[in-house]
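In this document, chain identifiers A, B, C, D and E correspond to the written order of the chains, with residue numbering beginning at 1 in each.
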Amino acid sequence: MKTLKTILFTMLILAMLLAACQPAAEAPTTEPIEATEPAAPTNPPAVQPTNTAVVAPTAAPTTEPPQTGPATGGTVIVGTPQEPTTLNPILAASSIDDALTSLVFEGLVEIDENGNFVPVLAAALPIAEETDDGGMIVTYQLLPDVKFANGNAFTCADVQYTFDAIMSELSQASTSGYSQIVGIECPDALTVVVTYEEVYAPYLRLFSYILPTGAGDLATLDTWAFNRQPYGAGPWMVESWTAGDNIVFVKNANYHEAGKPYLDSVIVKIIPSREVGMTMIGNGEIHVLWDLTEADFVALDAMSAQGVAYAGAVTGENELLLLNFADPAVDGPADPAAAPHPILYDLAVRQALQMAIDKQLIVDTLLYGNVRVGTTVLPAGTFACPQEPSTYDLAGAIALLEGAGWVDADNDGIREKDGVRLSMTIATTSGNLLREQTEQVLVEMLRQAGIELVIENVPSDTLFASWDENGMRKHGDFDILLYTTGPGPDPDSHLFSNYHSASIPTADNEGSGSNYSRYINADVDAWLDDAYGLTDVDARRELYCNVAAQINQDLPRIYLYERLLLSGYRVELQNFLVSPGAMDFTWGSQNWWLKP
Amino acid sequence: MDDILNVQNLETRFKVKGGWNHAVNGVSFRVSEGETLGIVGESGCGKSVSVMSITRLIPIPPGQITAGTAMFGGRDLLKLSDQELSKVRGAEIGMVYQEPMTAFNPVLSIGRQLTEPLEVHQGLTRQQANARAEELLSLVGIPNPKERMRDYPHQFSGGMRQRAMIAMALVCSPKLLIADEPTTALDVTIQAQIVRLVKELRQQLGMSIIWITHDLSLIAGLAHRIVVMYAGYVIEEAPIKKLYANPSHPYTMGLLNSLPRLDESEHRRLESIDGLPPILHKKPSGCPFAPRCRFVVERCHREVPALLTVEEDHRAACWVNPHTRRER
Amino acid sequence: MAETPLAIAVEQKESLFRRFVYQFLKHGMAVFWSMILLGIIVLVAGAPLFQRYSPTDQDLYNRFQPPSAEHWMGTDDLGRDMWSRTINGGRISLVVGLLAMSIAIGIGTLVGLLSGFFGGWVDAVLMRLTEIFQSVPRLFLLLVLTTFLRQLDLPWLRPGTFWPIAAVIGGLSWMGVARLVRGNTMELRDQEFVLAARMIGVGNLRILLRHILPNVASPIIVTATLGLAGAIITESGLSYLGFGVQLPTPTWGNMLSATQKYLTSAPWMAIFPGMMIFLVVIAINYLGDGLRDALDPYHVEKGEK
Amino acid sequence: MSENLLQVKNLVKYFPIRRGVLLKRDVGYVHAVDDISFNIMKGETLGLVGESGCGKSTAGRTILQLYRPTSGRVLFEGEDLASLKGQALRQKRRKLQMIFQDPYASLNPRMTAGDIVGEPFIVHRLAQGTQVQKEVMRLFSLVGLNPTFINRFPHEFSGGQRQRIGIARSLALNPSLIVCDEPISALDVSIQAQVVNLLEDLQAQLGLTYLFIAHDLSMVRHICTRVAVMYLGVIVEIGGRDALYQTPLHPYTHALLSAVPIPDPVKEEQRQQNIPLTGDVPSPIRPPSGCRFRTRCPLAAEICAEQRPELLEKAPGHWAACHMV
Amino acid sequence: MTQYILRRALQAILTLLVISVLIFGLISSVPGGIMSAYSENPDFTQEDLARLREKYGLNDPVPVRYAKWLLNVLQGDWGNSFTSKRPALQEISDRLPNTLLLMGSMFLVTLAIAIPLGIYSALKQYTFFDHLLTTVALAGQSLPTFWFGLLLIIIFSVLLKTPDGKPLLPSAGMMTLGQPFNLLDRLRHLILPVSMLAVISAASYMRYMRSSMLDVIHKDYVRTARGKGLPEKMVISRHALRNALIPIVTLLGLDLPNLFGGALFTETIFAWPGIGRLFFDSAMKTDYPVLMAVLMVYSFLIVASNLLVDLVYTVLDPRITLD
């Protein structure tokens, strides 16, 4: 299908020119940094989805006259709060795993810093053709003369091998998409023909890494030495991995881009305390600090005089409140039909909640005005469906509650109705300062409306535990949750698993699905089912926008603000870019160089 | 005979909560060469403190020596620097303590503890010191001294420990041996052995001895002269036979009469001294024994009695002659 | 000897308590620090009387204000009044400390008394148990247990409150007390006054409660003071690791742990709760010193010997 | 003065020494009291003397069932105390009391003197309220303590006074037999006399019977009517006071007596014929075979190692356990 | 002696067994686990999840899982980490030396500070200096470790700089990355983490040392030593100190479990790749093979060090015999 070719997943630019102008020593300020305009309700779908999603470097380098050329040599030290568990992408389980594997492995097609798919080991973006039986064939032409770090040539066989590995018994990679593949043929060493059983629209996201054929016997995949000492066609190879401390990546001499990488080595240092990480980047003890949050803007700004800049990208995810429609007090799996939530099942309460929350105030203060308030489940990308921002209207919220019968009869500041106190718990992952601040602000805001929120945070593992592990989210054992989620480049799976009634975790489906609100809307179900069979982007978008609008009416979730990916780096490090692909701050690391 | 030690007018006090405890109040005594002096009194009478003050082995603070002289070999011990005093202790004055268990360091071997003074005072090598220590151990009657040197104090029996303690005190051949209730913690048969041993050693080595005790029976067969103390005062002083034959202070009399005797012929009621010895928070203005005394006269409350001569070498600190019940 | 008529004026009973107070007052440092502790307790207990702002009222436009006449200790990351949070935070911290300490002392004393008094298999079982508890690193068990307790839906261990924290800290801190009490009990059990009590027909229970317990009380009280200080610090450590008392309820521990990011930019946020912990712990330690001296029945005699 | 108040028959008390890798088992015993028999007649004072570690205190406590005997019988008023338990024992034991050695350790420092002396009334429900106080004051007067001091704590009393408190407590239940376990050895000389005089007075006044355990032979001679000498867990000699002191039969008694000093320098000078006992007391864990004393005995012969000498009546009322006499 | 060690070893095994049951039960009842990482991902199919559950043996009931675990452990197989797939023992052996280095240095520094100051304080009892030290010690005890650690970093690596503008001391890590091992560098990296713990624990040890010393210097045998004419230095060092150290050794033994707790804070703050952090991470991920292994290793170390303390006793105090 021709239209498929045009599917480019794009993201929104969020340019932030910052702190160069701010005195470093200034105390944290509550004034919003001017970059973002307050999202006025009159704004039409704020910015039409455009390509690129880069936060421009904060400090001066861009304005300087271009250098004669990149310097070679040197070592860059990257701080991360977590240690990767593996460097084999087939086994990768966490975002740090994903990010670091891309130092070693390159794929056929990857997402660049602008959010576009670009060919990497493929000579060009592949061509997809629908077959008569409803299937699809995707043909890749591979770059010639590419060698793996061990000197072996990169060929079609490696693509086949990678596919086999992903599908193998011990693989822990997601097989979604790959499972549609019926076969991979190699007409010649540099041509790869992938046959899909049915049309798989997001096919470009597949094969974002290629394993070398010689990596090992797939029957023992999980215990390969390769998993910690991998080599691929990427710019780096692992020299050493000191458990719990650091991983040293050295230059891949066989890298296919001539003269690159510029650096000699990249060292990843595990720094569990982010505060200490901040002092280290300020001191120049490390060059990059991965995975900062929006709350770190002030500290980052304060360090601009010490040569610290930052880069980030919009991810399309929202920090949101997830409201439970089912009664958590009932033993067993929550079920809104049988036992509706005594408070949250009431639409008026949900609306009042949204109205009583001054999202803009949160953004302006806690986030220093550097992000946008949340308005829609699909804020960015090809399928972006901007929605009216909610209005902060405390009086309106109160009126709504009063109208719905929630009144404060006993004058304790909290409303009641039929003996039910308007009091709910809110849970998020413990130990996350920004989220804790957000929660506390919410507590205060809602108290104004006579709603009580009680904070009961739990370790992230408890919050996100699976069905079998009696996970509170899976079993609906909560009132309100605060966390981040959002669609990937193609919103289908996210919308289906989060809002479709078939995705409510139950004992029957062994807890699969993420519709934790237990939200059921027949229209939404129908739109989502319809969209699945469509290939026309505009038609799909229309259906998805229906869903987004309906969600905002039904309010199973309240979107607080849009999340940002943020990494700090030192200004002497050039070409540091963040790809929104997979939280990938190591994207383009072959181009990194250190200004002397 | 020359005085080997001459203590004059010694005063020692201890700081306690809210004031001072006057433990020793103007005590004077002397020890001649080769003489054994017994210092007798009940617990808390200041007998140990007096003697320990001389070698400054009382804890300072809270202790404080406020007056007095202690001439030993031409020097006043009380005026020596700590360093000079260390050279006297162990070398010229040997000490034996009451509890042989606690007086030995539990974690060092007997041999090690015995040889220490030799190394410090005489600069002997380890071998020389060991040889000397073994010699002493066999002198005090410890069998297999060579092996026992390696033992720790807890491996010795009580009597053995006290023998070893005596050996340790004598290892540098001191001129004066101070024994502070050395047999109190021992059984009678062992006590008899120790007493016999000391007598033999005294004969062999010819040192002077100060023997502090509360036991008037024990000291009767051991000392040449006796000093009786009460509440920090010397209240009677006499050659041994004179004291027992003619106790001249009511307290001494009371003590002697309160003892049951193995040789008493018939049952008699023991004489008890009513009341308790005082703890002196300030120096008394009268005789400290007055509140318990049967012979008390008005003057006793007014004036601290001086040591008055009863007969030659025999002095008692009492305004009354208890035998005649007349004031002296 | 004549019968004594009851009419004789018996000396006034000088209560142990009065004697204890008298002895305690002689310990200068202890008195000084007790006054400070008392002051803090008054502040903390009467927090509503001393606060100008509610500890939870936010003023997001006035975050990170340094100390001023308006906000004596400045404001925190949500523009709340630090003074008010500090004095209110002390409530939970002190209550957690007290509660944890009481639990630890309770269990420890019981285990120690039984173990030391009865000996034999009772002792063997209880001591093995103590050993087991002692052989697991406490902090780690704390983390696992806090998570575990949250899982249980016990009403009185309602997550988010300080109860589970206090219960867990207390439940994992009794081993030292148990050993101490056991040692003391074993010593006392063979003391002559216990034999004497047996001789006059006193039963086990009365011996334990009347003869042994009062005599192990003073080491227990001293340990209790140290345990109190320890529990306050442990709570702050748990908060640092994200396991402490839930926000927005302020405790000194979670106030401190939230300030790491602002140690340089808004140091007052860390200084004040830190200082309170510091003052309380020092005060409690000196209090313990004073108690130890005052509770020693032989204290007077020792001083005079 | 002929009625037996207490009969001790073949009393044995072993303390096990336990050892083992996992399960402890008894690997040996301290033979603290090893088969002793004697009786105490109403109104008399029996002295039990011996050096430290000879088992005399253990014997006293075993008789009172503070330690349960390993074997043997303790007949008190015809009833075997060793077979009694719980309440029955408690009731019976009211007639038997004890005075302890250490006046510091034997009084609970956290109780007032009055509470200590009054406790027997409370646990046996003999009196209540002011009645208890009245009784306590009566006892205080009886032992020569100022009855107005009942609210003082033990540490406010001197050693001698504390011992009086202990005596008052033991008298509360109107006992007929009192075991005095070294009641004066921790006291100063002048105080010892006070306590001994008190004990004698009380005996005369209340018709008490004493088992007087002591190591001080002079004091035992002073206070006792009959004396038993113990060595390493066994009684080596028992007899009337005068007989035993004037004509001791057992070589150990001989040695003991000759070791006791006399407060008279003249007599001491003449008395140079001590029988010196060499060496130390053997371990009670592995006591010598045959006669316990043979390792230190000047008279020891072969038979002493082979056969344990029985306690035989060598003269009327004068028993000794020695092959050589 | 041998018998004693044997008995203690047997007891230790029993203790460890009970501990393992307890911990295993606790861990299994805590929600969260390896599967949550996957169940989060909408792209994971139900079949994928089922396959993974089976692979990790999570379908068995807890007792069966425990039995399997125990059986494997008895054969020397502690299982593979759920996350890194490496043998749990290897995960530990990679980090244990680091923790031991940190704790060992800390111990040494603690004792090096605490013992002399404690002695000095005892000898100068009730002087100004004594009061000062006591107050400082109390201050040290009342500092929450993590807070103190961050403070140290701010002072020594943010505020204080070397003349060429580099931080005076490195804020974190075991070594300067990208350089070969260098002892001086390692020592520089040890300074802050070690002082964070050492200052705090030295505070309490100093107080213990002081009171232990005060107990000892009034003992008879110290007087005896003086009476022998030994110089004061010798009296203190040879006679008093050794006896005063005996109770300190007990404390060291009892303190050990808490020290490992302290290690967690240090390792978190100073990015020290040690076993405390491994514990924390695996606890957060409910990676139970590693978690069990870490806890068992800890417990083993504690039990073993208690035994060691008892053995050290016999060296320090000849009165104590083990049987």
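Quick note on the criterion: a contact is a pair of C-beta atoms (placed from the backbone, for glycine too) under 8 Å apart; a residue touches a chain by one contact, two chains touch by 3 or more.
The model shown is predicted, which means the values in this text are computed figures rather than measured ones.
Shared contacts of chain D and chain E, meaning chains that touch the two of them, come down to B, C.
The interface with the largest number of contacting C-beta pairs joins chains A-E.
The geometric centre of chain C is 47 Å away from that of chain D, both derived from CA atoms. Remark: chain A and chain C have CA centroids separated by 46 Å (rounded to whole angstrom).
Between the Cα centres of chain C and chain E there is a gap of 24 Å. Mean C-alpha position of chain A lies 38 Å from that of chain E.
Taken residue by residue, chain A touches two or more other chains at 273, 275, 459, 462, 470, whereas all remaining positions touch fewer.
For chain E, the set of residues that touch two or more other chains comprises 11, 30-32, 150, 154, 158.
Taken residue by residue, chain B touches two or more other chains at no position, since every residue touches fewer.
Chain B makes touch with chain D in their complex at residues 42-43, 157, 159-160, 187-193, 195-196, 214-218, 220-221, 240-241, 244-245, 254-256, 258-264, 267, 269-274, 276-277. Looking at the complex, you find that chain E touches chain A at residues 30-33, 35-46, 48-53, 55, 58, 80-81, 83-86, 91, 94-95, 98, 150, 153-154, 157-158, 166-167, 170-174, 177-178, 267-271, 273-274, 277-278, 281, 284-286.
Interface of chain B with chain E (complex): residues 55, 57, 59, 82-83, 86-91, 95, 97, 99, 102-109, 116-117, 120-121, 152, 154, 168.
Listing the residues of chain E that touch chain C in their complex gives 11, 14-16, 18-19, 22-23, 26-27, 29-32, 131, 135, 138-139, 141-147, 150-151, 154, 158, 254, 257-258, 260-261, 264-265, 279-280, 283, 295, 298-299, 302-303, 306.
Chain D meets chain B in the complex at residues 51-52, 158, 160, 188-194, 196-197, 200, 215, 217-219, 221-223, 245, 255-269, 271, 274, 276-278, 280-281.
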